[in-house]
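One structure is given below, represented as structure tokens, and several questions about it will come after.
Chain nomenclature is as follows: A, B and C, assigned in order of appearance, with residue numbering initiated at 1 for each chain independently.
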Amino acid sequence: MNAIPPALKALPTAKFAQADRVRSIPRLFVALVVLAVAVTFFAQGYQLFQATMIVSYAIALLGLNLLTGYNGQISLGHGAFYAVGAYVTAILMARYGVPYWVCLPISGGVALVVGYLFGRPALRLEGLYLALATFALGIAAPQLLKSRHFEPWTGGSSGIVLNKPEAPFGLPLDADQWFYLFSLVVGLLMLLVARNLVCGASGRAMRAMRDHPLAAEAIGVPGSHCKSVTFGISAGFTGVAGSLFAVAVQFVSPDTFAMFLSISLLVGIVVGGVGTLWGALYGAVFIMFVPDLAEKVSKAAPWAVYGVVLIVFVYLLPGGLARLARRRA
Amino acid sequence: MEAFLHQLAAGLAAGGVYASMALALVMIYQATHHINFAQGEMATFSAFIAWALLQAGVPYWLAFAATVLVSFSMGAAIQFAIVRPLEKAPELSVVVVFIGLLVIFHSMAGWLFGFDVKRFPSPFPVDAWFGSALLSVHQLGAMAVTLAMVAVLFAFLRLTPLGLAMRAAAENADSARLLGVPVSRMLMLGWGLAGAIGAVAGMMVAPTLFLDPHMMSGVLLYAFAGALLGGINNPVGAVVGGLVVGVAENLLGTYVIGTELKLPLALVLIVTVLVFRPAGLLGRVVVKRV
Amino acid sequence: MDKLLEAKGLRAFYGPVAVLHGIDLDVEQGEVCALLGANGAGKTTTLRALCRTKVRTEGSLSLAGEAIERRTTEQVARLGVGHVPDGRGTFLGLTVEENLRLGCYTRADRAGCASDLERMYGYFPRLKERRRQQAGTLSGGEQQMLAISRALMARPRLLLLDEPSFGLAPLIVREIFGILAKINREESVSILLVEQNARLALELAQRAYLLEGGRVVAHGSSEQMRQDDAVRRAYLGD
């Protein structure tokens, strides 16, 4: 990325963002939403699944971006929170019959709390050490999920199977279509939340902490609290995304949430654009399709593509695709 | 009692490997204040290179030496081509690039050598005289090799002018330059050494853990824990930390939590050290009088 | 006398910001030359520019006739320029003796290094007492002695000193300046001395420059500078 803009620059950006809120939502965005809804009726089962996954990844990337782009902290283990959201939903739905639309906010909430608790001690760490702690989290997560101690709930290595819910109120939609629409609505909601967070007072606080932690604390931004809350919120977003994932895939197992997932999320924000909201969408599309395409070439290819992409983007496209799109516009 | 000693000894043997990886991590951290997330994958890749040479019929110690040399060059080349241009980049960029390296090495290993698990030979004959009930021949041999490597490294750093220059460049690059020390070249040297150390660690651990692209990810985590525990700025601490972590992992794994929670244990260790004593147990607190 | 160091039209930039706006400066072989000026005048920047460290430079720079404006810091050091930076730049984690030995890095002669080490201990016995101590435990004055000795270990032709008296007790400053004079006399090491303490600097130096806002506003022999109104008003307190 380009050098993090000096603290002074953060203030005018916030002001513009505020003005943005008042101005009407850009037309491109509306067109996109209409298109997304239309997909419900034009796409077939598997494509709907892919579209749902894009929404899920986009929400997760929004979360990670809140943390990294706007608050300047690095997480290499967000796959763990995705797993938290997925497993909470799976356990509640499969073992206790809780309806999915209740599971969703609960999963988000649990992930938020877990994230906050992890972030609270971890926030004393400088960026690099936090990266290390989250790296450890990402690597250790599958083993935790497989552990015999939690097996009664998690189903151990065999995982948990879920059923996709049918459309309510007898709507003329099949399960895939309904769940896609549901995810879309959730996605838009989360986008709204993210936007408000970023543009409001908390957003300014976040960015102030990112750009100049000492100055921010001096003017009264409560550093440690702000950082761990941001971490928690970021985890919460990812947990919601995981919840959607669980229902869309109809299955959770520990190996789904291995380090590859955390790295995918990292790739997603780097490709999409750190510190942007649009980037979440670009990144989501990238990590949805590219690994699958690469796998057709060879088993090692997805990793290789990720590695090259990460390095290339840092050197050549530090602002991600979002910056590229903005330049064209 | 015998079982306990056995576990203790095994812990020390494992700890030796963690110690050497931790040493590689500390070398790079000291010089650049960067954490090389790719260290594990680089070591695995080195082990694969050795394996390929052995498959081609090269005698063991020749393959060993060649691998160490190649790994040294790889490390230096990476510093030169990929890390050096990032000198002024923000931290996130550097972390992302390191993860990129991790991922690339991982995939190269899989692509060139396959993902199936392979056997890696030990250079120490099974019936050698120094085998014992406590430790297998290989474990003892590996410990000896690791110890020798660490000793040579320390001797180099403490006793030679070049080692002194490296330490100076790591500690204060600006002052080192003013004395004519070519700091960039010292960094290359540091990375090269780290690559070589990783190669030795990889070749020592492969007979036990079996060789596949995922071999080192757990080891890396333990190496991190060891380096942090000992003090990320302190080479001696790295070695001590690695040994302590090895023993702790083995004892806790056998007697307390079972062997399948080893990685979460490393996680807990890492977070605990970072939270309560980020400088580590032996972390050098550099005294500054104003 | 021959010019050892010659700077013409020297500009220096931190990023886009220009701090030196075209300086002409020279140091003659065997002399002590002082660079005076208030905080922010650009004295430290000048020394950095001469060593090609930390600033971007424009203009010509030559050492004993050899152009060095494109060289790296390490290369300039190898050509015989020793720099004792502001803040001393001590390797705090290394021992006193290790710090000194580093000074020899560019030298080829092992035996010469050993005897020079003894010579430095002769100038500064306090360093000898503390030779195995971590350099960070030394007092300010001792660190200054260490920094100067370290630079001298390289047998430089030209020694650049940035505010050697800063934060030191007068007694220690006298001691250090005495040794600087001795080194200049006996080993013909040319010295460019940056000092805020103008009185002291003009005692040691034969010539001086006065820097203000990144430009040379006055220069001449020490005697001339002592009489100069600008210098007297601003820096000698007369």
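Keep this in mind: a contact is a pair of C-beta atoms (placed from the backbone, for glycine too) under 8 Å apart; a residue touches a chain by one contact, two chains touch by 3 or more.
Note that the structure is a prediction, hence the values are computed from the model and not measured.
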Checklist entry - Quick one: do these chains touch in a line, a ring, a star, all-to-all (complete), or other? => result line
Checklist entry - So which chain ends up in the middle if you average the CA atoms? => result B
Checklist outcome for this item: chain A and chain B have mean C-alpha positions lying a whole-number Å distance apart equal to 33
Next on the checklist: Counting only Cα atoms for the centres, state how far chain B is from chain C in Å.
Outcome noted: 42
Checklist outcome for this item: Note: chain C sits from chain A at a C-alpha centroid distance in Å of 55
Next on the checklist: Show the residues in chain A shared as contacts by 2 or more other chains, in ascending order.
Outcome noted: none
Checklist outcome for this item: Touching chain C in the complex, chain B uses residues 161, 164-165, 167-168, 171-172, 174-183, 284, 286-290
Checklist outcome for this item: chain B partner, complex, touching residues on chain A are 1, 3-4, 68, 72, 74, 76, 118, 121-122, 124-125, 127-129, 131-133, 135-137, 139-140, 143-144, 146-149, 259, 263, 266, 270, 274, 298-304, 306-311, 313-315, 318
Checklist entry - So in the complex, which bits of chain B are touching chain A? => result 33-35, 37, 82, 85-86, 89-93, 95-97, 99-111, 115, 217-218, 221, 224-225, 228, 258, 260-264, 266-267, 270-271, 274-275, 278
Item to check | chain B contact footprint on chain C (complex, rising order) | outcome: 51, 53-54, 72-74, 77-78, 82-83, 85, 89-94, 98, 101-106, 134, 136-140, 150-151, 154
